[in-house]
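Following this line, the structures themselves.
Next come two complexes, and both contain chain A; in the first it sits with chain B, in the second with chain C.
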Partner chain A sequence: MARIYQVPSHTRLWLTLAVTFCALPQLLKGPLWQGGLFALVIAIRALVNRQRVALPGRIIRSLLLMGAVALTFYSFGRLYGPEAGVALLVSLFGLKYLEVVSQRDAYVLLVLGFFVCATSLLFSQSPLMFLYVLLCMVLLTACLAGINHSDTRASGLQHLKRAGIIMAQAVPLMLILFVLVPRVAPLWNMQVGNGKARTGMTDSMAPGQISELSESSALAFRVVFDGDMPPPAERYWRGLTLSHFDGRAWQQAIPRGMDEARYLYGGRGPTPDWVDALTAGRGDGTSYAYQVIVEPTQRRWLFAMPVPFVSEGGVSLARDMRLVANNPVSQRQSYQVVSVPAATRRLPLVAEEKALMLSIPDESGRRARGLAQQWRLENPSDAAVVQQALRYFRQQPFHYTLRPPKLVADPIDDFLFRSRKGFCEHYASSFTFLMRAAGIPARVVVGYQGGEQNSLGSHLLVRQYDAHAWSEVWLEGQGWVRVDPTGAVAPERVERGLRAALEERDSGGELSGIQFDGFADSGLLGVMREWADYVDFRWQTWVLGYDSQLQLSVLSKLLGQVTPLRVAITLMVSVALLLGLYGLYLFWRNPAHSQSPLEKEFWRLHQRAQACGLALAPGVTPSQLASTIAERWPRAASPAQDWARYYQRALYDPRQKTRKQQMRHLRGLRNRLYKLLD
Partner chain B sequence: MQALDKALAQVGRVVLGKEEQLKLALTCMLANGHLLIEDLPGMGKTTLAHALARVFQLDYRRVQFTSDMLPADILGVSVFDPSTQQFSLREGPVFTQLLLADEINRATPKTQSALLEAMEERQVTLDGVTRPLPAPFFVVATQNPVDQAGTFVLPESQLDRFLMRISLGYPAPDVELELLAGGDLRQQVRELKAVINGEGLMKLAQVVGKIRVTRELLDYVQRLLDATRSDDRFVAGLSPRAGLGLLRAARAWALITGRDYVLPEDVQAVWASVAEHRLSARQGGSVAAISQSLLQSVPVVRR
Partner chain C sequence: MRLPQGPRRLYERWLARRLPAASQIVLNQKRIFIFPTGYGFFYLLVAALLFIGGINYENNLILALSFLMASLFLVAILHTFRNLSALGLRNGTTESGFSGEEGALEVVLFAEQRAHHCVWLRWPGQDAQQVSVMAGEEESLWLNLPLARRGKISAPRLKVESRFPLGLLRAWSYATLDHYCLAWPRPQESEDCPADGGKNNQRAFSSGQPGNEEFQGLRRYVPGDSLRKIDWKGYARGRGLNTKLFEEPVGGRLWLRWDKLEGLGDEQRLSILCHWVLELDRQHQPYGLVLPGLTLAPDTGDVHRWRLLDALACYPEF
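Presenting the complex of A and B:
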């Protein structure tokens, strides 16, 4: 085979690096055997490059291929779908690398490499991953530059430099295309599971079943307020309401007999009466406008403060005043909300609903029932009963802990009268039970409470350990009113967050179980975390969040009216402008067209002498110029000779480096000459 | 550098009033190039060559070229030696350090090209045996420009082998008077003192390669070359080899002038003798006039 068609040796290292880097994201999260396969391929290639062994023959390659396909099937149970498909692609990518000999093979490999890079973005779209993919693309471009280099002695670094320049040149074009090319909604919705949802929130709640809360510091969602931020104690982000209690667990439920289709309203079709009622209250009192950017949960629930109003497509309002996504949230998603807390009073409580909100299983919580009925007798109004209950929690020796003992027998009675140790779920559960037993419609709400402010972006960060459960009770004339019994037991949990609550009454190292990633850490680490969050947030809002809607608003700011013709013209003009700028740059950079300051210096004097009536050919040398001047103006003779001597050295003696000082001196000499001419 | 000045002074004692040409001849030797002297008979060509050989202590031979000359007459011939029953090589006049090839255009092209090949390769292949020529090796060839009857004009490709072409011309009246008053020229040449030897000359030639040039100067040289190519008064422009020769000659000139970097003046000084014999003008043009006009019109400093 002719040597010229082979992959040149100076590109082999880049090829290995490019292949490794492109495959690395998949290797890190994929099955272990894939890493082994790549290590094997790279080891074989290294030996082949040193001419220790020959390239494996067709039989070995076929065996490896069949092995990779079989193992992929074994690991994923199928060969299609995003995870299995990408794993298979990456394996084939590695095997293709094994058989690269000629330039043509390398082309196939590199094009495949770009594709593999792109698949990494299916699984993560963080700014770091983006930078990483850029790095991979620089490496791939370096390989392309390398295999097209005819000089077999070229240095590898040169390829990297060239690739860097090419990529840097592509960046403005990329930005123009990013901003201007119309965004099309994805043709298919790819469900890429990020393993299990690690949310701190679950869709059912069974206090006592779990004795320990596993909480992580992972981000749940971010909130950007358009105006004022509510005080910390008001920041209750409702996720789900749990209305059905079976004695052990609270679950979501729709009132018996209520039409499920009427329970959710997605903005289409006739508006249900409860939507009308809520909408009527939109102008009541304070309202908060904000944008929520939620991390993927693989669930449909969304988070908002009561009562949320959305205008976004894809998000529905449920009768229990919460937001529901039309599709499971598999990627970061953002939605704009206006919350009007006071509008809750407009919502009627219909009979079916009231029945559900009062239902408790007959056999559970007998002592609790007695207590509740006693309160009912003592207090005339529902509000007073609520206060009585909260007083009870405050006065009895209840203890806030993340590691409560397991509840035996009846979880309600056992908690209220025996263990009295628990976290939000225990309090919300038992409080709601007590309310229902006292004849007050009540339900459990789960979601997040609080959040930490990032001072750079002035947005709110809600993490998994901010997950919380509380209660809502129906009070006549006020509608659903939030009551947080945990706040009665551990007020700092509500006001300053979980960490404060645990620090306050840390007994037995509960803090050690949770990793806090807040900005509260003073010093560099806190600042860095704040910055990292800010970058991630801006990335989310400006890059990933740049959808057709945002594009429309940006374009209408740029172009006024957005028509396809205008967008097309802007696109063409800006691309042409950019290419024109590149062209101009190349033109000016061309040594034939650029004059150094020193060279300009000569022509200035030349021109001046000509203007003073000296006939000069363009071909005069500096010293000839000086002597011509000296002939014509004898008094200028000596400065002219000085100038020529100095100038000659500057321009033609390589050891003489032109410095600013020198240029100034030359200019001084020339100016002195000017005065002596004419 | 002093040695060079001395050498110039020595040669100047026998070739009177031709400082410029002497300097060019010396430049050509320092630049390791061959010299073509185009002149009428009796202008001092032989004297010049002989004087150069004396001053630099070089082996010197002279060959008068004629139309019946064969390559073997220059390169040498294998002769059968009956006593040893073997062929032995009898080296021709080319095996010397300075060869004066008088009236080179009188020889047939075959003989001319034999010499020119030896000049280029600096070696001679006879009967399959390659023998290097002595180092240094210079050829000073002469040509009579007027008497063209029975001559074979050197084609451009052959002329390219000569780094420089000079002509001596008639001496100025006062110089000629001095010449007439002087004694026996041959005797005077023999009395010239050696200044350096061949080895010293080669060392100096190495120094020439180290004479510094800046990007700006190279730029100027390139502009000059380009100008000959784009000027349609010439049949063809200068070759890259000519460009390299021009630069080498300019370096040698700078060395003789006593500078260790090249100025545009150096390029202009050697320009005519390096460029003109390689160029030919279209009908009615004078190569010298056109090449001088290029020096005027090509900007020395980039504009």
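Presenting the complex of A and C:
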């Protein structure tokens, strides 16, 4: 083809739009200079298209390219890795757009566009993002249709329509492929974080940290129960245990002399004795089976009720009865858990562990120590000391508040004997301190408590403001027992959540700064939130979570027995069927001659006249039709003649502009005529 | 596609059997071939890369995107095929020429069922021409045909090709229209007019003396009359198109005769005859032609000239 190809002018708009839309997600989250680069490229391109300036030469393009690479390095510190790589790809995409001349260039640009779309999905996998990518795909397809349509008469909208049709036919096919094409295990492992620091727990607890978390209504995780749901007061989602206290903050610690290998069990190698002990208790009492879908935290710990048993890989069990992921949770992740609360009593407490759980810094909490030792003397058993402590919290004027006063000197004594206003972390911290001072092994547990049920999906939603801290004490014969001192002060917190607890005793407008996005809002907003959550949840479980396991269960429901041959045959037959259906639609619909609006107008009256019993000869003309009507229905004579006259005038009127108006008038005449027939 | 001689001939023979020549051809699934273009393969490669990426990042949406690209490709097969399917081609008129020059053939494309966008038509060794046909309309296209030898030059196999709508696939078909161009013999000058009849002095005509023709009168123009004999002055005065009639020339009728050129090769004889046909036509001299197996009575005019030239082109099969 010897002709010099140029991107047709009717496609330029779509090309610009496609480039802009594809790059937009990266431009919004990437460095600012990228937006500038794109604005520059699009401005130059617009001027080139209007032939105001010449296409930038090789030197300018090379300079721009080097500039983009240098700026990428400056912004990210490297050129590889997901963020920097995507930023570079998008810059190259923009620069390629600048130099599109031939059809080949346009093809390369569009293929880069497909890649850029895919990278947007790397960082966000929400349903909206996917819809957006579909929109980009329609634009890219419209560009493809446009660059292959070298007719100068073609209109741009035609391309969009054609792309829309093709896309509408491709999407059902995509669904078939998505469901049926077997999922393969990753060839090599890659992890992409979305690099954003999110609100969530940190691995230590200092006063004020959890109350900060309570101001966020972001989703922490969702739980789908397989069977019974525990009552609200039992919904304690353990995340971390904190056993080392430095006088101010609680931190994670491993008992002296234990290494992480012995402390964590990932399902491989010889089982440590404590795992055997816990596994032995798997049949004890009630158990809850559920699936947790956790939002990215960039941390390794996971959330579960005690004592969690998991079967899948990638998740380890720690000696303090919690779950730890092998890699930081950088994307939404789901895991199946069976929790057996009664199995805690099986776990032994070894000497090193006991030493750690009793350790308190010498210089802090002198008055608290005295109080604890007094309780110790008064009560014979550990359990009685625990009750005594809870009674103390209940009877003394303690106050549950999100905005506690600052603790100055010694956080423990200051809180217990002076301010007495605090949030769950204050209660958990001081209670654990008191227990340790009284010689009872104790630790702080942080995690989430409660959760809100979505009535549509019947799953539980745990948000950041459900974050909570409580204590666990080790009682002989019972193992680790959960004690929630906050429950002694504000029982509503445990039963009905933070919101209820604060509303109950909202005195100084504590709720004002907090956004509660719960479903509890009655009315439309609450319903909409519930629906949005349900869609997101289903998207997560059905689309994003459609892995080989889920695929196997779906296929076995569909096919009975899943063999590679059956899957292959089903895949081919369903694709062929669908394509055959499209073929019928595309080839059978035979608009050999589509009637013009005027012809339709004539045939409508013709049909109506025949339906009213008028015998019409074949090949009747509009004026003959009118005179036949006039003969049969004399009072319709003059409107019929009017109609025929106007019809003929419209038919031979060369002006296209007045067509719409004429059609309306003609329709009016015909409708008036209808009333006079019969 | 350069095949070695043997397989190439086999392929040609297979193609000729599969797609026989006809004066009107409607492209259907029997005739249309379809295959991805280079870009189509590139596109599939990108889809495969996205598939691998989706698997490795365990990202179901990227997988879905790669499936969407594959689906788009599958749907594009139907649409590309549809763009060529039901396109009709038929013979149009032809323009003959002297051998060694170029003739032209008209191919008429008709779209009975649907519009066909951006269809490329090409003869081997020529640049492609692009045409779009709207539904229910016709478009015609002139294709030049080099006339290498005298005789009936039939139209080569026409390649009809389309990549519309997405350029991912190429649908093509070969249409052999039984359409031909007549290549007249290349005129060759010669001293002696191979004619008899009329005056004995045949040289007189070749020396360029005007023939003695006497104006007889006018009659209404009928299509086929020589344009040179039209009474243009009268037409300008508004008397309508009339043809001037001349009295039978003094020289009488001339018969150009094949057997007057004894001892020469066939092609040379035809070339000389061709030269004299043109020469006598220029002189408005009525002339006839006698070829073995064909006799054309003397006459004048464009239509007569063409008839004679065509007869010379077709010799020996009329």
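Heads up, the rule we're going with is that the second predicted complex is superposed on the first by the 560 of 678 C-alpha atoms of A that agree within 3 Å, B and C clash if a C-alpha of one lies under 4 Å from a C-alpha of the other, contacts with A are read in each partner's own complex, and residues count from 1 in each chain.
Just so it is clear, a residue touches a chain if its C-beta (ideal position, glycine included) is under 8 Å from a C-beta of that chain, and two chains touch if they have at least 3 such contacts.
Only a predicted model underlies this, so the values are computations on that prediction, with no experimental measurement involved.
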item	value
First (chain B), second (chain C), both or neither touched by A:173	second
Partner touching more residues of chain A, whether chain B or chain C	C
First (chain B), second (chain C), both or neither touched by A:181	second
First (chain B), second (chain C), both or neither touched by A:302	neither
Chain B versus chain C as contact partner of A:651, first or second or both or neither	first
Partner chain in contact with A:133 - chain B first, chain C second, else both or neither	second
First, second, both or neither for A:223, with chain B first and chain C second	neither
First (chain B), second (chain C), both or neither touched by A:562	neither
Residues of chain A at both interfaces, chain B in one complex, chain C in the other	591
Residue ranges of chain A in contact with chain B within the complex	591, 595-596, 598-599, 602-603, 617-624, 648, 651-655
Complex interface listing, chain B residues touching chain A	212-214, 216-217, 219, 261-265, 268, 294-303
Of all residues in chain A, those that touch chain C in their complex	1-2, 103, 107, 111, 114-115, 117-118, 121-122, 125, 129-130, 133-134, 137, 141, 144-145, 147-151, 154, 162, 166-167, 169-171, 173-174, 177-178, 181, 183-190, 192, 543-547, 575, 579, 582-583, 586-587, 590-594
Contact footprint of chain A on chain C as seen in their complex	39, 42-43, 46, 50, 52-53, 55-72, 74-79, 82, 85, 112-114, 117-118, 120, 127-128, 130, 132, 135-136, 163-168
